[in-house]
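In the two assemblies presented below, chain A is common to both, partnered first by chain B and then by chain C.
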Partner chain A sequence: MTDDDTFDLRLRLLDRQVVDPDGAMICKVDDVELVPADDGGYVVTALLAGPLALGPRLPGRLGRWTVALARRWADGPDPAPRRIPFERVTELGSAVVLDRTRDQLGIARLEDWVRTHVIDRIPGSRHESE
Partner chain B sequence: MKRILSVFLGVLTAIGGFVDIGDLVANALAGARFGLSLVWVTMLGVVGICLFAEMSGRVAAVTRRGTFDVIRERLGPRAGLINLVASVLVTVLTFTAEIGGVALALELATSVNYLLFVPVVGFAVWLVIWRLKFSALENVFGLLGLALIVFAVALWKLGPDWSEFLHSIVAPRKPATEDLSTYLYYGVALFGAALTPYEVFFFSSGAVEERWTAKDIATSRVNVFLGFPLGGLLSVAIAGCAALVLMPQGIEVDTLGQVGLPVAVAVGKLGLAVAILGFVAATFGAALETGLSTGYSVAQYFGWQWGKFVKPRQAARFHIVVLLSLMAAIAGVLTTADPIKVTEYSIVFSAVALPLTYFPILVVANDPVYMGEHVNGRLSNVLGTLFLFIIGIVAVAAIPLMLITAAGQ
Partner chain C sequence: MRASDLLGAEVHTADGGRLGVVTGLRCTSDGPSTGGLPAPRVRALQVTGRHVGAALGYQQDGQRGPWLVRALVQALHRRTALVDVGSIDRIEDGTVHLSGTPD
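Take a look at the complex of A and B:
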């Protein structure tokens, strides 16, 4: 990535905006999945997003509540953060660009819920602004 | 030719959009009580907003990232979240003040109690945000806001001794009857009114909405460095009118009508009508900006799709945040808390929240990896750092001054 052999994960990857190939916003890099590499360093294998990834990074009670609420809302016995395999990443700049859209990745359930239950019921939600 | 026209339009909307309810109230209040002795604060504030609006616009043009996107990235999720909560609270308070301001201006025009207008104004704000194109929204209310030039006309007609007028601006002297702490408190309020944080959120997100690229940086600079100071002159004209008409009569400003009174005295009924049109446009335009800004801030922190450049259903969470903040603002006005008082508190709390927004912008505008050739120059850095220092002092002093002076009584 750089000629230098250190990469500042916190400064250059964590909390960056994730976008699709057209620049549509998908999520933030709420956390990353690290796997030890053979050379003693670490390799980023996936970007993690959503409240289950962000919660543990928030302080004290707020963080615990975020995680607890997200677990309650999730279906399935062992909910995990939304995971985006690092192979999906095509560019690392001021945003992290993926080769898939949000709908293809199927993340951000809250957006889908708000869309179907609230926004789509208001007239004009499918129109461009004039 | 088209290019020149669009630059010209940009400057005009920057002038007309500069003044909001905070500027109207703070400048009239300060002018009526302290004459021209606080105009220097407004001028200092204008320099500050120019510096930081230019920086945030440049960051947005180069990276397509809005201010809160950048704030979370640099401060991390914890400090970023505290910042988000504080900024959204201040912006919703400002939103409340703007909606109250529109309603008060309509009351001035019709003599119908302002509370009756609040639901209508609220619905109109939502409808415009839901349906109108970003550029249309910015241009229409920016241009109508130019009606406030009537304050400059009024000042001209009042015909002060100009050399004395300028002298009391450049060599300010606090009126002997006022305490130093009260003088400083109003200084803080004027500073907060000129530099309100939402203006930066709106300006940077607007740059993304209008799909600016590095090529548009020059245009943005013209808008900022020409439009904002000229808009600031309108603020000075409002203070000047109050100083010439209200101060000698010992009238203290506590209604919007008193803000417009000098125009009625100097230009007459028609002038007052124009001033009221200006009030409506300025406060309505600012209501749109503050409402959108809450949505921008929250969506950018969490990485959600935001903006009016996509259909509402593609930015569902963004529109929900805007809608919720609008409901909070309407509820706030309907508590019947005096909108002028709400405005006073909103600008003082703005002053407290300023460093939260301005510090991360300065840091990112300085990051060469991020900004490439458009990184801050030496002048921007020296002035930006100096300003951050001033902003820090003002933020720390604001609450103690508010307590000492019992909010400027």
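Take a look at the complex of A and C:
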């Protein structure tokens, strides 16, 4: 294994913007899921996003508070980060491009709820800037 | 397991000696391909004596950037070792325990 045929996971993947096929922003890659492979190494099986993924990467109290708040606001008793299977990824560049839109993935329920119940009710919110 | 379980973790050899801190995860693009791209496969841990400045990435060859910052980070990380992930014995409490001692 030489430097030429390898890359650094943190520099190539973590904190990258995730976009849909049209370039619309979905989330950031806050962490990735690794699974031991039968033929060696650990394979990336999913991108993880949201405060429950980012919190453990933040130092000290900031990280603990981020996770605690995310758990408090979560729906279920055992909340998990938003998970995007790696098979949805079609391109790894300056952004991570997926083959699905955010709505199709159904991974941003809080943002969707805010958009439907708050943003869309603001007069003029549906107008494109002209 | 998450990447964050490895990044920043202390690395100890089988005899209990401290090797350093995981500052990078070296990957190849030869994982299973069920969708558009082959999944990245983590092959080795990049281990250096300290963690400071590792997120900038200048400790790796071929990185461009302000020469002063690059030189400083490379000096801090001049003793970098690549540890095959196959030599990981267990990961617990933020520490990676190896099954042997790398050369």
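Convention: the second predicted complex is superposed on the first by the 121 of 130 C-alpha atoms of A that agree within 3 Å, B and C clash if a C-alpha of one lies under 4 Å from a C-alpha of the other, contacts with A are read in each partner's own complex, and residues count from 1 in each chain.
Keep this in mind: contacts are C-beta pairs under 8 Å (C-beta built on N, C-alpha and C of every residue); 3 or more make two chains touch, one makes a residue touch a chain.
Keep in mind that what you see is a predicted model, and the values were worked out from it rather than measured.
Trainee: For A:57, using the defined touch cut-off, is the partner it touches chain B, chain C, both, or neither? Pick first, second, both or neither.
Mentor: both
Trainee: Thinking of the overlay built on chain A, is A:106 touched by chain B (first), by chain C (second), by both, or by neither?
Mentor: In the superposition, A:106 touches no partner, neither chain B nor chain C.
Trainee: Output check: A:89 vs chain B and chain C. Expected answer is one of first, second, both, neither. What do you get?
Mentor: Touch partner of A:89: chain C, not chain B.
Trainee: Quick check on the superposed pair: does A:37 touch chain B, chain C, both, or neither? Answer first, second, both or neither.
Mentor: In the superposition, A:37 contacts chain C only.
Trainee: Which of the two partners, first being chain B and second being chain C, lies in contact with A:115: first, second, both, or neither?
Mentor: First partner only.
Trainee: Contacts for A:21 in the overlay, against chain B (first) and chain C (second): which applies, first, second, both or neither?
Mentor: After superposition on chain A, A:21 lies in contact with neither partner.
Trainee: Which residues of chain A are in contact with chain B in one complex and with chain C in the other?
Mentor: Residues 10, 12, 14, 57 of chain A touch both chain B and chain C.
Trainee: So in the complex, the part of chain A that touches chain C is made up of which residues?
Mentor: Answer in residue numbers: 1, 3, 5-14, 31-37, 40-45, 48, 53, 56-57, 85-92, 99.
Trainee: In the complex of these two chains, what residues of chain C are touching chain A?
Mentor: Counting only chain C, the residues touching chain A are 1-7, 24-29, 31-32, 34-37, 39-44, 46, 55, 57, 60-62, 82, 85-86.
Trainee: Which part of chain A faces chain B closely enough to touch in the complex?
Mentor: Result: residues 10, 12, 14-18, 23-28, 30, 49, 54, 57-59, 62, 93-95, 102, 108, 110-111, 114-115, 118-120, 122, 124-130 of chain A touch chain B.
Trainee: Quick check on the complex: what are the chain B residues that touch chain A?
Mentor: So the residues of chain B in touch with chain A come to 62-65, 69, 72-73, 76-78, 80-81, 130-134, 136, 299-306, 308, 310-314, 316-317, 319-320, 369-370.
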